[in-house]
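The next part holds the structures, each set out as structure tokens.
One chain, chain A, appears in both complexes that follow, with chain B as partner in the first and chain C in the second.
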Partner chain A sequence: MVNIEDLRNNAKKLLEDGKVKYIIGFKKAANGLRPVPVFIDKPEDAAKLIWDPLCIHNLTRFLVDEKRRKARQKEPDLRPVGLVVKGCDSRAVNVLLQEKFIDRADIHIIGVSCENTGVVDEKKLAEKLKEKTVEKIEFGDNDEFVVTTDKGKIKVASSEILADRCLECPAHVAVVYDVLIGDHTKRKLDDSYKSLDKMESLTREERWAFWKEQLEKCIRCYACRSACPMCYCDECVVDTITFAVTADTTAEEKAQKIKWIEKSPVLSENFIYHFIRAIHLAGRCIDCGECERACPLDIPLRFLNKKLEKEAKKLFGYDAGFDPEAPSLVSCFKEEDPEDFIR
Partner chain B sequence: MEKILNKKNLPRWIKGLKAFQVYAPSRDGDIWNYALIENPEDITLDYTSTVLSPKTIVFPQREILLKFGTSNDGELEITETLPQQDPSVIFGVRPCDAKAVFLMDKVFGGDFVDPYYWNRRDQIILVGLTCNTPPSPNCFCLSVDGSPHSKDGLDILMTDLGDRYFMESLTEKGDELFNLGKKLFEKPTAKDIKELAKIQADSEKNLKRQIKNIKKIPSLLKDMFESSYWDEASMSCLRCGICTYLCPTCHCFDMNDEVAVTSPIKGQRVRTWDTCQFPDFTMHSSGHNPRPDKASRLRQRVFHKFYYFPERYKNFQCIGCGRCISKCPVGIDIIQVLDGVSDHGA
Partner chain C sequence: MMAEEFEPKIVAFLCKWCSSAGSDLAGVSRMEYPPNVVPITVMCSGSVSPLYILSAFNKGADGVLVSGCHPGDCHYIKGNYYARRRIALVKELLEFIGLEPERFQMSWVSAAEGLKYTQIIKNFVQSLKPLGPQTKLRRNP
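Here is the complex of A and B:
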């Protein structure tokens, strides 16, 4: 079991010794059940750190901010940043390392065990405990969660309220870390791609109709992109300014810039946006599910990325985020790679 | 004008509104949003809170402003394309969301009347519903001069009295709708009026959240432009547009020419929502960005709603619906941000 005091003491010591400039972790929200990200730079604040099954966010995303912030500072603090990660989040760290976006020396990784389960899907939780008000949720001993409600404590089998991605997670525990809090646990994995079964059973026409309806809803708030640790490009194809304008950029260059996509939230443009994002994540997405969770319109974006993850596995035997030294999927080829799609 | 409508007569009344398109909250999977209603029997007014507000109908995310092209003799032709909105009734509008329309009316009215906005707005009738219980745990309308039975922006306010609705018409448009269902309405009795007063008074007691010292916020903000508080408050911001796109009062937009054919040129100028939360919102053509970071963008959102707008329009530009709180992926909470402003100034 994760002893929260181990996490706090570890963080406190790191800050006291000046080993890290700050630690990115989770703290209890002042409002609502779901914890929120916290950035701790004082040893005495380490006591704020918590770890529970609603620590959903992939905090690796904040390394992107850190890199940008550092680039703006004249004399940046070069010490590493402490980062609390689950199994999936640690795979995101590996992808960032593999792509040389960050350096291993930039981060001090504090892995936490998912306690043989994973994180809770808030919608499933709300549905399961409809008549009750949830006050607290904890990891249980036997593949279950212990939920404290206004009507008493209840044990819920983890399979009932686990996030879909956790049901299909091959990591379970941080795959890269400097310190691991909790035990090396391994959840029995039936089928890594089961959530795709229904989608794959549909005909091409049915899939088209499904995605048409889903993507028509998109309001292009870009929360999916913003929540994604892999979407770190300084210039994104969907933004109106898609290349860096400097003092030397001529008017002609500005006028000649290519507009790949319109800002109008119409089906054609929404499709382009989501497809570009999906393709750019092939072999990189580690299925943290943050895009889908962040979407205010409930668009099931995870399907897109999961499908590409499956393709990468099936065609190239590739799993993203396990080996920071391996070449990335789209920048290498092997002789045995299938080539029957080349015509 | 005040009336009583038996609940079972609601679909009959709506059926009689033949000259109007009818929008109402409608369920889509796990979420609610406004949608065109084909069958009045489908309307249920026991929804919680819609993800998007009626802003999407009054001020759609995309509006075509004009079409341009080249005529046969090589002249550039420009055609204005004012929107044609069919007369519409939106049912089940939360009083706060109606107040947001009332605030947008100020922005798109006044000295510079926006014909695109008003071509739609003039055709739209808002029928509100008192929030007997708060539709969201993050409701805080009382803090921003609103209430669960506020009337600003509404044409009719309905209040659920159990088996019947207490109906108050607030405008001529509201009277017109009453006339279309004449026989279905009854005159309220003294008991109905008493019950209405009790329910509306009780509705104010159920709100769980409030902003402290709201009256002082504008003057406190005035001295906080340079404060490092905004760095701290925005640390976990992801730079997405949820808070502003879902906000019923946010109305900033961008305009772009969408070119369909380059030679001879043909296309349209389109207005779409835009947000101060995106980095390119303030990007100058020189490459300089006066709001270069998350801190300056969160500050802008707060300053606009609680300092600039009140100064100009005598109203907060926040109606307390709680959408930005409930839907923020990282739990940035405008109430806490403002309470932090109070603490900072203390």
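Here is the complex of A and C:
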């Protein structure tokens, strides 16, 4: 079982010894059920740290901000940053390591175990416990959650309220860590791509109708991009950079500033944005679900990434986020890669 | 009066060293093939970004072709292998979203294969005609 005191004591010790400059973790929200990210830099604040099945954020995203912050400082604090990661988040760390975006010495990874389960889908939870007010959720013993409500404690089977992505998760425990809180569990996994079945059984025109409806909704707030730990490019291809053309602007300079995509949130442009984002995440997305969580219009963005994850596995035998030493999906090839689609 | 037959517009990204030379060979040998192609020479099939492909569809292409050297023949040794991997993913995702798979093709055409190039274009045009104009990904269809 995950013992939160272990997590707190560990964090406290790290801060007391000055081994990390601060720790990114979760704390109880001032209002609402879902915990919020917290930055802790004083040992006495370590008691604020929590870990429960509602800690759904991927805190790896903060490493991107941390790197930028450090680059701006004249005399940056070179100590590592403590980071609380679940299994999925630790795979994100692995991808960032693989891409040499961060250095292993820059992070102290506090891995946590999802105890054979995962995180809770709040919509499913609300649906399941309609009449009750949920106060707390804890990990149970066998594949279940212990939910404390205003009308007493109840046990709920994990499969009923788990987030969709957790039902298909291949890493229930951090895969890279300096210290692991909780047990090294292994969940049985029947089908990692089950959520795609329904979509793939539709006809082509039905699929198009589905995506048309979904992508037409997009207001291009770029919340998915902002929440994604992999979207760390300094310049994004979908941003049109305002570019002053003067008399001495060369043709070459102008050619470098091609406008690939219009800003207006219309279907054709939304399509390019989401498609190119999915392609850029191929072999990098670790299915942490942050894009979907951040989306204010509930676009099922996860499907696009999941589809590419499936194809990467099927066509090239590639799994993202397990081996920081391996070359990335599209920066390597095999002689025997499939080419039956080529004429 | 007979309705005018739909003539698809194809954007072809041809690598400079093989496919582009192959299409040149078709031209100088006076081989006949449909005039529906807009060829764009790129340095290598491996340099074709998925964005080029999407952009072509976005700006009104009915079909997109990416063509490079045969495996092992790449001028840059392995550019076409990278292309093969990337294009496979793009193709799968385009189909997943609901675009007709016939609209996006990849081929290997060497500098000596002028005839193969004309065949590929003929077949491509034939397969696009029954589909009609591509409106799904097009800006202001």
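Everything that follows uses one rule, which is that the second predicted complex is superposed on the first by the 325 of 343 C-alpha atoms of A that agree within 3 Å, B and C clash if a C-alpha of one lies under 4 Å from a C-alpha of the other, contacts with A are read in each partner's own complex, and residues count from 1 in each chain.
Definition applied: a residue touches a chain if its C-beta (ideal position, glycine included) is under 8 Å from a C-beta of that chain, and two chains touch if they have at least 3 such contacts.
Nothing here was measured: the structure is a model prediction, and the numbers come from that model.
Residue contacts after overlaying the shared chain place A:265 against chain B, while chain C stays out of touching range. Of the two partner chains placed around the shared chain by superposition, neither chain B nor chain C is touched by A:232. In the superposition on chain A, A:36 makes contact with chain B only, while chain C stays out of contact range.
After overlaying the two complexes on the shared chain, residue contacts for A:339 are found with chain C alone; chain B is out of touch. Judged by the touch definition given at the top, the superposed model places A:145 against neither chain B nor chain C.
Using the contact criterion defined above for the overlaid structures, shared-chain residue A:26 touches neither chain B nor chain C, since it reaches no partner. Residue overlap on chain A between its contacts with chain B in one complex and with chain C in the other: 262, 266. Within the complex formed with chain A, the residues of chain C that make contact are 50-51, 54-55, 58, 71, 78, 81-82, 84-86, 88-93, 95-100, 105-108, 120, 123, 136-141. Taken together, the chain A residues at the contact with chain B in this complex read 29-32, 34, 36-39, 57, 61-62, 65, 69, 72, 123, 217, 219-223, 225-227, 239-241, 244-247, 249, 254, 262-266, 290, 293-294, 296-298. Within the complex formed with chain C, the residues of chain A that make contact are 199-200, 204-212, 237, 260-262, 266, 268-269, 271-272, 275-276, 278-279, 282, 304, 307-308, 311-312, 315-316, 329-331, 333, 335, 337-339, 341-343. Residue ranges on chain B touching chain A, taken from their complex, read 28-31, 51-52, 61-62, 137-138, 209, 235-236, 238-242, 245-246, 254, 256, 258, 270, 272-275, 278-280, 283, 285-287, 292-294, 325, 327, 329-331, 333, 335-336.
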